[in-house]
């Protein structure tokens, strides 16, 4: 008989609900026992009820103290991640945590130490690694088809900026938005970042500048294995969510283009029309969220270490810190400068 | 409060299970009460149990006689369709039936008369109409973007032939395989077929020829509105399930290409590689099955007539009959010759 | 020292001038000695003068009787082709003749007999065989990459109909326009046509119907080797000159898409835009005209038989005749019915 | 009567011959009078003879002193450019000069001053501006279709490195190879570069490193108008000459992809194959060389200033100098630091 993992979820906001749906519909051999959220209102109750979820609570300790629960999925606000990871680890539960672990490097390190000491598994939710296209890029690299990676090139552009209020507490574009690209670049390069040069500007909305952030950014990465990374970001691509990855290697080049809304071309007297690309991350990465959860539980079942793990979470924040420093001081910054 | 349709399903084979999964996961505001199948074994019991389905039966009358049930979904073998549609209609239940209604034209007509007299709704499962690409083609036509349709061109090629035993009872390629294309051509042309010329050959497997069928076919259709249709079929495209639709009109042309497995291109010293197209209909049309069921229940909710309806089912069989006659006699055949 | 072929050209209209330009600029090791045209006016004199062409004449016999001339290029009006070919052959000169040889089958046969008896080489200008894309299709077939050809599919659509006056004397769409497609289908199938079914309609301009012709046509071909061909034509594709070829084989499928005006995509808030395809044959096939002439002289130099030859010219007219008969009688017609 | 410009060409090497062919075959209303080269051997004599070129000389003064000559085309070795430009200007002849003007900034400035004082026109041969795709990108920007340019992204990769002996005297990758990209970036941004950060590595061939150069490079540009540029180069892309340009703007994004060798796709049981992209600049940019010369003479005829002009030539070298300094000192460098 197959072992069924019993899961508790902390955080039932937009991303939490997405994970819960995937747990219920897409991940085999698990059961969802408790959902904890700081705000259990009637709307959430009804939502949970429609899905047959038995227990809702505002007290996450009900999850940690439940001996039946094997796995904690953390999708609460960023500032609570480190604490919940520590609690879960001490309760000997495996952890799936949304990115980032934290924005304070020392706190991340302490958290990872606890996870390590308690011997539980921790996976961090960099879901883009599970996009079918970027996985295929990775496969082209690991199979040797394109040789040694030399240039990793990422285009990552949002369709519209978040509200200014969000920008103010986001930690800046490099920590809030580019963090996915740091992870993607490291994943495809197969190496850690040694130095980063970041540049940027306020070209989309002056309010973003007033909030102390930028809305357009580029970064050059130097990896330990000699590869070079290039990333460009903008908070506003009016034509949709532009997400492309390219890896140039000694034996070839592999490119993942945007997903298409459909395969239709319309030829008219003026031009050929193709519909816009999918709007934003919920449309584009919907499958990758399910794929990452399935992979996580597959790893637990087979007692394998799931990736991206806690160290990936740490490295991505280190690169973001170095990028921020680089942008502020307009010079290349080594990771060792921010990782004391 | 939203009215919930109560559904009974007849037939839990491959396609029946697919519909059941969609009813459970994708279609809102319905409840699935009974599943009937001629063969309720332990495997099916477990499958139903895992999905929380309460009632399994071998007696379809339990569905027809249940006053709570509003809708019957028929996914049993083709020869039972007409009978179950009649029973369901007489029980005043709406009907979703897999294609085809039957292979006997008189029987189809009689069945449709009963449906009409009982005043229930009937939709026939030509799922390809709900493929996102072919819907987009239709939209380009109905919005006038490409003008009046003049040439409808369908490429429809299976990756591998079915077993010879299946071929023998299939009714022939025009009724078994091309039937989807007759429907697609009529859907895109926005008109009924007046005449068909069909040609074909045994090029894939001589055994198919010995079984009295062909494995490669082309057809030219003349529509009442003057448009011309061209279809080509083969039972074996070694590169995958090739499904394309093109409509040429007075103001432009709209083409739906195959779906891609991913968006990745790999450039090497020899050539550029793109992965194969999706293998077969379960991969390619997975979404369209869910979309068609959602549409069907949406129509019921809003008291609208769902399409493709019973007449579509009839017309497609008429075209198939005419095509078979055309192939056998090597001459164009009018629909009126087979619709006495 | 390299042998230089001395060439005389008959006919300096649009297509004749195109060949002359190619002879002067693109074909090595030849010299152009005389141009003959029924109408040598000041404009033509100036045009020839700017290109350093020494001799212009209205008398084609000056070409036939000039012992220095090795090769005659015939680009005069269709009704003069057969006669000029015969004259050239009798003068022991090799011949490149624009398509078609003639529209009378007996006259073509007699002409080819004279060519054969005189032992000169004759190539007919079906330039599309020299398009880089269609050559690549052919290569994919002849290298065995896609296996045995089973379905040959040609889309061939003009951007706009010719003047009605031209239509009236054109010999009909199957002889005037589809003739290129008969040739392409035979070239790619690697086999001769056995039977043709042609259908068509007047959908573009009623005046074309009044002139006794159709403007939209489809044809189904059966080849001796079992392959099936499908062709669709229209006199008016508002989006440009739509020229595609597809060959489906037992081991794969090869498709040649339209040439692009450029490789640019423009993503905007509404859709993705691509510029229109090249307008008409002068834009699309400009290179193929030069390639075919280079190939012809290469064959002469190496004493090889150039293709498409006289028999190709004959076969294409036979298929056109059969197609016309098929359209008129609405039934498949065997080539043997028109080749008595 | 149309004024015919009389042209003298200095330098008949590979690129000089290409220009001469274009002058003879593609540029209307000019006549080529003298070709000067340091090495007039029999081979060159025969080459010129076949093209009807009357005068060959080793003394460029024959060009400067010939009062009939209106235009000098300079395609000699880089170190002679500045001197010949000065001579031509003093002889009151218009000048088309291959890039770069020189590698010494003071010398460039002095040369441009002479050109200015003499009142002649000077165009520098950055031919990529005349590629049909990159012109289309520019048009999308200047028409406002994609709004204000914010990110300019250039991929520019050679298929194979030049000989080490060439590398040693090339002036380094930023001056030898990236110079085309500096020009393209400035052209598309519509603004001058203010600061550059360049990074690079030796990843292709250690011998290139020993020769004091790098073979892989990336650069980040800041333009005066706020736009950001990103360029990546490599000396060896095994799949061919990879030349792409992308401009992201406030209202959209325009991308120019590589040219295709043909439009053919081959679907097989394993994957879809597309032929390699064109090999190198002679294949890819063949048309652009003709287009730039036609444009140059069109400007002369209409008394318009041709671009890219001398200042473009200067700016591109300034950016290259700043990039080299940036790479050596691993910090962003302002153009003002190298333009004293």
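Just so it is clear, A, B, C and D label the chains in written order, and each chain counts residues from 1 on its own.
Just so it is clear, a contact is a pair of C-beta atoms (placed from the backbone, for glycine too) under 8 Å apart; a residue touches a chain by one contact, two chains touch by 3 or more.
All figures in this text were calculated on a predicted structure; none of them were measured in a lab.
Novice: Determine which of the two chain pairs, B-C or A-C, is joined by the larger number of C-beta pairs in contact.
Specialist: B-C
Novice: I want to confirm something about chain C and chain D. Since they are copies of the same sequence, is their interface symmetric in residue numbering (over half shared, so same) or not (under half, so different)?
Specialist: Counting which numbers both chains contribute, over half are shared, so the two copies meet through the same residues.
Novice: Which chain is most remote from chain C in terms of Cα centres?
Specialist: A
Novice: Averaging over Cα atoms per chain, report the distance between chain A and chain C in Å.
Specialist: Roughly 58 Å separates the two chain centres.
Novice: Roughly how far is chain C from chain D, going centre to centre by Cα mean, in whole Å?
Specialist: Computed value for the inter-centroid distance: 40 Å.
Novice: Just how far, in Å, is the C-alpha centre of chain C from the one of chain B?
Specialist: About 42 Å, centre to centre.
Novice: Among all residues of chain D, which ones touch two or more of the remaining chains?
Specialist: Where chain D meets two or more other chains at a single residue, that happens at 237-239, 242, 251-253, 267-269, 275.
Novice: Of all residues in chain D, which touch chain A in the complex?
Specialist: 147-148, 150-151, 153, 155, 157, 197, 199-201, 203-204, 216, 218, 220, 222, 226-228, 230, 232, 234, 236-239, 242, 248, 250-253, 330-332
Novice: Sort out for me which residues of chain C touch chain D in the complex.
Specialist: 25, 132-133, 136-137, 140, 145-146, 251-269, 275
Novice: Looking at the complex, which residues from chain A come into contact with chain C?
Specialist: 237-240, 242, 267-277
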